[in-house]
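What follows is a set of structures to go through.
Consider the two complexes below, in which subunit A is the common component and subunit B and subunit C are the respective partners.
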Partner chain A sequence: MVDISIADATVEQIIANQKGLVAIGAGLAVGLSGIASGIAEKDIGAAAVGAMAEREELFAKGLILTVIPETIVIFGLVIAILLIFM
Partner chain B sequence: MAFFIKRGSKKYPYITARVRAMKSKLMPREVYPKLMNMDIAEITRFIEESEYKENVDELAQQYNDIDLFEHALNQNLARTYRKLQRISRDEPNYLITEYLRHWDIWNIKTILRGKNYGADLEEILDTVVAAGQLGYRQLTEIAGMNSIEDIKAALDLTPYYPVIEDYDGAMLSDVENNLDKLYYSRLLASLGSTKAEKLSLKFIRTEIDIKNLKTLFRTKKADLDKTIIFELLIPGGIEIKTADLNKLASLQWSDFLKALEDYSYWSELSDVVSAEMDSLKDMEAVLDKYALAFASKISHYYPLSILPIFDYMLNKELEVRNIRTIVRGKEAQLADETIRKQLVI
Partner chain C sequence: MLAAKKVSKAIIVGNKTLLDSVVDVLYQLNCVHIEDFDKEDSFFSIGRPGKAATEASNKLVKLRSFSNFLGLKPHNPDTMVNQDSLLHEMDDKLDELDSAISRLTDKRNYLDNELKAIESKVVELEPFSQFPLDVDMYKGYNSISVHTGFVRSNEIETDIRSITTDYELFISSYNKMQVIALFTSKEYEEQIAEVLDKNGFSEIHIPELTGNPQQLISGMINRKQDAQIELASLESEIDILQKKYKDFVQASDEVLSITTQKAEAPLKFATSDNTFIIDCWISDDEFEKVVSTIEHEFNGRIFISKLDLEEEEIESESIPIEYNNPNPVKPLETIMDLYSRPTYKEIDPSAIIFITFPLFYGIMLGDIGYGLVLLTLGMVGIAKIKEGELRSLSTLLVYCSISTIIFGILYAEIFGFHIFGHHSIVTSLMGENSVLGMAFHNFSLLPILDRLDPDDIPILLIASALIGVVHLNLGFLLGFRNMAISHGMKEAVLEKMSWIVLQLGIAIVIIAYIGFIPQAGQIIGAAVAVLGLVMLIAGEGMGAILELPSILSNTLSYTRLAAVGLSSVGIAFAVNEIVTTMLFPKGGVFIIIGILVLIIGHTVNTVLGVVAPGLHALRLQYVEFFTKFYEGGGRKFNPFGYIRKYTEVK
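Let's turn to the complex of A and B:
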């Protein structure tokens, strides 16, 4: 590993370093919010399938309710896009 | 056994949502007044178009009229409960299975009672509900046996054997009491300390209270001796503890009614209970209604638990009982008002 102290680093190196940190942040924003919506959707999905097994007409409602936690990961995605492109 | 069951609420979303959807298919309470206005043929047609269609179709060749009703209702109830066992896993499955042992007890009692009074096989099978551990075929086999020894031998691998082991045809009521006590003591002992199990305890112990209250009313009315009454009561109630049971069992009728005022059930009972009451039917209906309302209330407090499932099981059982009450009442040409009072809605 190359030891770079900030005082010795060139401007390009510092910018590259910051870009790396931004990329990690963006990755975390999408990844963690993805896991969170996964956890939330798991129970709702199971419940929706349970209700649907008895009453097929609940399919549409079940589907909509299941994807509502998807908003969490969309927020994460928006943050990631903001981080990378702004 | 309970030790190996996976605990926790992970398994509940599916089963509770499914059970709630099943509950929405139960007959709404507006249907009962309509049923009251129909004659038996119309009720049969109505039932044939409802959730019971499959059972009525299947049994229509074997049975007629009222018998068809009895068998279709019992078969539907048994299948519904078996379905609950089938669609659940781990903790909910374990709790449902333990709770359904109630029907094993019911069936064993029915068979023993039938044998005691010399009922024929058909009559016994009319009342059997194969929802517990013992299946319909096994129950038919047992009900067809003639000697008590054979029946005992057929049940020797079940948990109920220790109670009926010494039964020799006499003192059937003792066996019945002990079966009830065995069921509840097993049930209470099988429930551990997870949140879901604590909630089940609350439900079951309220059920015990209600059962004890009914027994107390009946035995007090019949003026039985204190020790006999106490033998009939099931320990483990949530509000009426063993000491209270002992006290209530020893009181005279009027003092007994006064003592009941200390318990929360009094607010339900006060309208129908009086020192001069003749019939206990109203009291029983009120207590059943209370149990139903209580089950529904706590199932809303804890939506992801075993309680909505217990609530459904109770509702289903009462639906079957209500339909049967209406049909039997119509058959016996009882007044509408009398039938209506018996309905638990």
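Let's turn to the complex of A and C:
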């Protein structure tokens, strides 16, 4: 472990530190939103598969309903990319 | 293109004596969609199936059970079978097959049963093979009771001795259990039963045999081997039978199916005592052909007439839909059918997703290596599969692979590795100072977009969002067209055009904000956006406000075009980095681990890289694009007839 107290830190160390925090933030954005869409999709997916087992032509409707919460993780990803690259 | 084939409703009327010939002619034509006759409140009744139906369907059931027994799968025969000669010999051959198969089935059942019996006897006898007693000695005593079976522990003997000393006990361990054979006088039966119960006794029934158990078992094992050999020879007999009859079974199946379909056709017709009426749909391209064929075959004794469609009927989903697309677009019809067939007045978007689906796929995957793998897979699929959904999907795979290769060249990527520039695989393999390494490192024409370059990634993101805007507005325009035709211009403007006006307003605000046009543009843009919003509320009610954020989420959804690709590039890059910077430099066993990581990582990435873009490209069509204009729900145009594959008529 490197012990950095802000008063002693060089500019490079502070920048590196901030980069690390940005990376953690980006990771959290993708990870948490991924978990969120996972939780949302699991019930819909299960129901969609159930519906498809009864009527196969419901595939497209099932797919559409299942992927609706996926937008959440796309938002997370966009935020992460903005954080890292912009 | 862009619309279903034009069809007309028609009725065919004639004398019942001509019914069979009309069915033959229509079947031959294979372009008439026959509507089921609805008997409700009608003077007419449903036609009776032809005499051939029962016999043919009985034979068909028999034939399919044979085909099942022989394990036949559809195959391409060397020659087409002539229908007449097939029908001539069909009964004899069916009898032959029947007797051969029932003989084989009997024999197989007999052998199967024998094998099962032997196995169960061996299981019963084996525990007692260690005792020096013949099998017949366990039975037939008047004053002695015999207990054979398993107990939990070998301490049972002390328990027995406390009851009587007049006993004989054989005990030995078998499969972690104790097997016993206990002979006692019958007078202690109750106490002995208690002791046994206490020790968790479970009885084994000794089979009714005589002789030494070990010899019996070895005899049975010999018999078992013989039975297995017989079974194997039986299987080879089935193989021979399969080879001999596979063409016959397949061809007969086709002929009998055709016979049954024709014979059962009158079930769809309306009939009176002397006449029949067929209610049907015929595509406009082929109407003349049908009329002239019927005219020619029946000399005016059969009457065919086109009916005018009522407006309601055109609106409804009752008209059967036949796609009207050029051949290259046909594979996309599978994607359409997966969602829902278009209705008669709707735009059929097959031709549009013919462009956008492979385009999106290519943007996401964009890799020369993966593209070539997919191209090979697709080509193999096309060569092997002659028809059906899988063939369409193979063709689609070829389209997608071509687009993937084109974008792969633009991104200059091969199997996740970069060809040129800072991350060039050639440079890292050859060393930075080698001639080739330098050349690849410094080549600057490609990639046009570098998916590892922090400067290029925002460009990719914005470009994909812009593609989204274009795609979405194409959807709104198509929706405008559909709405204008089905509900009138006013609704179309209020419900669909309003979205475009709204977006235009937002776009003007953004452009003015960035500074491309004077700041006053912001106010104009806001005004335009508000106008769009008012139109939208007028068209769809206040609920439309809830839908407003969908504009943002739909557009952002297209950033997956960049994101899905980036994630696959990211995985490939991470795998390569782990291996080249962390594992390989350590040497020794780490080189082997590194190679393993490389193989596993890239295999997983390839599978993900192939599956994910397909699903996401599909989703962008179904969720973002179709919801703007498409309703679907059309019925399939299902012509009465059949294209012979295995048989021919002279």
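Note that in this section the second predicted complex is superposed on the first by the 86 of 86 C-alpha atoms of A that agree within 3 Å, B and C clash if a C-alpha of one lies under 4 Å from a C-alpha of the other, contacts with A are read in each partner's own complex, and residues count from 1 in each chain.
Here, contacts are C-beta pairs under 8 Å (C-beta built on N, C-alpha and C of every residue); 3 or more make two chains touch, one makes a residue touch a chain.
Just so you know, these numbers come straight off a predicted model, no measurement behind them.
Colleague: Putting subunit B and subunit C onto subunit A via the overlay, clash or fit?
Modeller: Superposition result for subunit B and subunit C: fit.
Colleague: Check whether A:V11 is in contact with subunit B, with subunit C, with both or with neither, and answer first, second, both or neither.
Modeller: neither
Colleague: Return the chain, subunit B or subunit C, that is in touch with more residues of subunit A.
Modeller: Comparing touch counts on subunit A for subunit B and subunit C gives C.
Colleague: Quick one: classify A:V67 as touching subunit B (first), subunit C (second), both or neither.
Modeller: In the superposition, A:V67 contacts subunit C only.
Colleague: What is the contact status of A:V78 with respect to subunit B (first) and subunit C (second): first, second, both, or neither?
Modeller: second
Colleague: Tell me the contact category for A:A48 with respect to subunit B and subunit C: first, second, both or neither.
Modeller: A:A48 contacts subunit B only, not subunit C.
Colleague: Contacts for A:F59 in the overlay, against subunit B (first) and subunit C (second): which applies, first, second, both or neither?
Modeller: In the superposition, A:F59 touches subunit C alone.
Colleague: Mind checking the angle subunit B, subunit A, subunit C on Cα centres after superposing, to the nearest 10 degrees?
Modeller: Value: 50 degrees, nearest 10.
Colleague: Least CA distance subunit B-subunit C after superposition, rounded to whole Å?
Modeller: 7
Colleague: Can you name the residues of subunit B that touch subunit A in the complex?
Modeller: Contact set of subunit B toward subunit A: 13-22, 24-25, 87, 304.
Colleague: For subunit A, which residues count as touching subunit B in their complex?
Modeller: That would be residues 43-44, 46-51, 53-55, 58 of subunit A.
Colleague: State the interface residues of subunit A toward subunit C in the complex, per the touch definition above.
Modeller: Touching subunit C: residues 57, 59-60, 63-64, 67-68, 70-71, 74-75, 77-78, 81, 84-86 of subunit A.
Colleague: With touch defined as at the start, can you tell me which subunit C residues reach subunit A in the complex?
Modeller: For this pair, the touching residues of subunit C are 338-340, 454, 457-458, 461, 553, 556-557, 559-560, 563, 566, 618-619, 622-623, 627.
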